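Two complexes, one shared chain (chain A), two partners (chain B, chain C).
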Partner chain A sequence: MNKDAQLRHSINQKLIENGERDRLKELLRTKLIECGWKDQMKAHCKEIIRQKGLDHVTIEELVTEITPRGRALVPDSVKKELLQRIRTFLGKNSII
Partner chain B sequence: MSSAGCVHLSSLKQEAHWKQSVRLIHQWFVCCGSLEARKRKARSCVCHLCGAHFNRLHSCLSCVFFGCFGRRHIHEHAKTKRHPLAIDLYHGTIYCFQCQDYVYDRDCELIAREEQRKAWRLQGAAGWYTNWEPTRRELELLRQNPKRRKIAPNSTIGLRGLVNLGNTCFMNCIVQALTHTPLLRDFFLSDRHRCAMESPDSCLVCEMSRLFQEFYSGFRSPHIPYRLLHLVWTHARHLAGYEQQDAHEFLIAGETRDDNGKKGTHPNHCNCIIDQIFTGGLQSDVTCQVCNGVSTTIDPFWDISLDLPGSSSSFWPLSPNSEGGGITNGEKHAPTGTVPLTSPTSLTDCLRRFTRPEHLGSSAKIKCSGCHSYQESTKQLTMKKLPIVACFHLKRFEHSAKLRRKITTYVSFPLDLDMTPFMASSKESRMNGQYQQGDSLNSENKYSLFAVVNHQGTLESGHYTSFIRQHKDQWFKCDDAIITHASVRDVLDSEGYILLCPLSCARFVFECRG
Partner chain C sequence: MASSRKSLGSSIHFLFPVMELTVLSGIFNTLQIGLTQDIFAELIDDVCLGLCFEVHRSAKCGFFFLDDMDAESMQEFEIVDKAGVDIFGQVYNQCKNRDCECPNCGRTIAAARFAPHLEKCLGMGRNSSRLANRRLANSNNSSLNKSESDPEDNDDINDNDWSYSSEKKGLSNLLFLCNDCRSHRCPQHTDDQRRSVRVFFLGPSGEVEDMGFQTNSSNSQRGKSVSDHPHIPSCYAPIVTTLRTKKHNLLNNLQQPRDSRQVRFDL
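Up next, the complex of A and B:
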């Protein structure tokens, strides 16, 4: 593992150990519902299923197809808030 | 997923201990309540083939194997070992590699939900906030009653006047504020109150539940809260005389009860919804002036009672070097020859006053555990744990041995309030020199105003009304039976007696109050 990957790994471990990862997950979920992201994605999925027909779409194809749009549609403010939370967390819990 | 379900899961469910293995994976790797489980998860949850800790990790249901979905390592495992089923470690859902779909199985979902609830409880969270899903019986009821009420985004359903039953405006204004608390509304309308009282007839929370039904029934005629009054009359008699009563006392009677059930009409340890959303933790640090030793205590609180300028007990103004808001600042910038622009006292000023170190004086020496003798000390209050709904009580009524009077000083209050500066954690980081002001990205400690209770008139003869918010910015004035539109200005210009503000991110807080 290179240094970067190692750091990511230990940050992830700390977040899990602390329960912070679950809190972040819930925060993100709430934020994405609030800003309409979830509804947008739902509509997008419905559109794809309508186009291809219910019997011709697998969940894997659906995920592959919606992922780029899903990433792009996350508002900057949400990303910033999460980043800030992680920073604060790391400030309080020394990793290395 | 086809309606027939997954035959692969069905055959797994023939095995003797399948439930136990699903449960164990949930306990140890999906939703970990204990520190031990989280530590193990942090250590061991990596893809056994590529070592990644991300990329949608799944755990095999038939053997001990973690693999990532992103690089198809779990697929590989499923194929070579002929283990078709795996649990998604982020969401707890079950995927079948044969059917190429997630499987929706009642038994598995039940296990997942149970384990999730257990984990929340272990982490100290309330654990009752989950998305509502109808039970079989509820589904049946829904089928039998096909009539639905659809609520438009600008609907004013829930607005209903309350008849004054003889100086009961003190009660009406609080009921209006509570019935419009979004979290309480969601709680009661989804029928979450499980009554722990021996006789539900005398349960204030049950009565609240009924009130919500009344308010959201769609009827517009004023409701007569005689049942509530009767309940208050029989169980909290000191509140219910037909004289002028205090709205704040009424709210507190609903909120507070200690382990002895001293106050209020609630059973002991009922841990009811009202408790859960209004309780916060107040930290009190007493610092010895000789050895600088600090002794800290944390007590629960149900509201934040703030002294006002003009009251005889407080020592206003704030010290001149405290930043912002003070009268001295206004004078400095006022052009010469005009009346000095004095900015009014703000809620933030009151909070700063509330949380500043206070010298206890030489007549109130406290035994210091460091010095082993009585010493002069300072005391400082900070917020250890914020309540989900903050209740600010402006102490407008002064009852002392000498005088009883009402303080009418105008206090400005904001629509959005950040409590971060008044947190115990901020004080600590300030002392360590890490505190940064204006951390505007963090919405964790932010409150938004949604109800203001006002008292008009004098101490002897007065009247209570309230402003309540619907949607994001629609304000209404509730004056007993009469409800009228109000502007934001009307609200902000009002005197203010009790202010109710929920945390902006309250849903989130509900689920992981730790």
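Up next, the complex of A and C:
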């Protein structure tokens, strides 16, 4: 388990150092906006805020409500493309 | 049977490392897949978090709910998509038929022609010298072309009355056209200003009105020299074409005294 954690840590570090992580994140953001994911999520947020009342909404509540929904709503094409890119990165840097 | 078992056993022994490799690579694959999935999940979480911050801030600052309003006003301003009508539902050929009244001449002009008409009417646009000025320039040019050679021909060719008045107007017109608008009734200057300029250039005789030289009667004012005009000082020089060259020539001629040769005053 320790080795696993260490492996992940080193991978993350490599990603960040390379600048690849930021690039991946920007790519993901753009794709999600294009496919309408962001608007869907915003609509969901509106409902939540209306339910809970504007004054009582906290950021933690919002995060806990939004994240699982967000994960589920990501379209497959976007997911595939990003997984592909990550895999090529790992292969290039011969981590596995 | 025994041999088959043995061969089976041996084959299993042979196969086992191969199977091991595939199993191992399978494990590696799953590990790799697992890793990529985890990295992807982290990225998604980051994006979600960013979205939550944005939404929370805009909700607390009060600009989150700005774009969806009550049903009434949504219906009122709904986008119209019919033919022949713009997106507000209005027919858009109406304004072209409206007529405007010119404040200067009082005529009713179509809206599309109003701006050029106003230019010409007030004499203030770029290419808008009033028709009178243009005709004046034409008649002056045509007379100027023949001025040096045949003094008498000019009398014959041009109508006396017309050129007479144009000459008189020419004196005051060409001298005292406003630089900006080339009109001798420019609204930017008052009559007093015009009179004072006239006086400055012509001396006290400038007090007379535009057509004041008529007091000397005869129609044959044309062809006389400047010095013959009773009201104009002899240092005054003839002026040609544009206002700038007019000014320039005027200044030049004032500095250098003219010779005694008769100076034609055909403008």
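Rule of thumb we're sticking to: the second predicted complex is superposed on the first by the 93 of 96 C-alpha atoms of A that agree within 3 Å, B and C clash if a C-alpha of one lies under 4 Å from a C-alpha of the other, contacts with A are read in each partner's own complex, and residues count from 1 in each chain.
Methods note: contacts are C-beta pairs under 8 Å (C-beta built on N, C-alpha and C of every residue); 3 or more make two chains touch, one makes a residue touch a chain.
Here the structure is a predicted model, which is why all the values come from computation and not from measurement.
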Query raised in the report: Does chain B (first) or chain C (second) touch A:I59, or do both, or does neither?
Result: both
Requested in this report: Check the residue A:C35 against both partner chains and state whether it touches chain B (first), chain C (second), both, or neither.
Outcome: neither
Query - Touched partner set for A:E26, first chain B, second chain C, both or neither - result: first
**Report entry** First, second, both or neither for A:N18, with chain B first and chain C second
**Finding:** first
Query raised in the report: Who wins on chain A residues touched, chain B or chain C?
Result: C
Report task. Return first, second, both or neither, reflecting whether A:H9 touches chain B, chain C, both chains, or no partner chain. Result -> first
Report task. Pick one for A:E81: touches chain B only (first), chain C only (second), both, or neither. Result -> first
Query raised in the report: Do any residues of chain A touch both chain B and chain C, and if so, which are they?
Result: 8, 12, 25, 59
Report summary line: Within the complex, chain A is touched by chain B residues 31-32, 35, 38-39, 41-43, 45, 51, 53-54, 90, 100-102, 123, 434, 439, 441-444, 505, 507-508, 511-512, 514
Report summary line: chain A residues touching chain C in their complex are 7-8, 11-12, 15, 21, 24-25, 28-29, 32, 38, 41-42, 45-46, 49, 54, 57, 59, 62-63, 66-67, 70-71, 74, 79, 82-83, 86-87, 90, 96
Report summary line: Contacts from chain C onto chain A in the complex sit at residues 28, 31-32, 35-41, 43-53, 55-56, 59-60, 64-65, 68
Requested in this report: Enumerate the contact residues on chain A facing chain B in the complex.
Outcome: 1, 8-9, 12-14, 16-19, 22-23, 25-27, 30, 58-60, 77, 80-81, 84-85, 88, 91
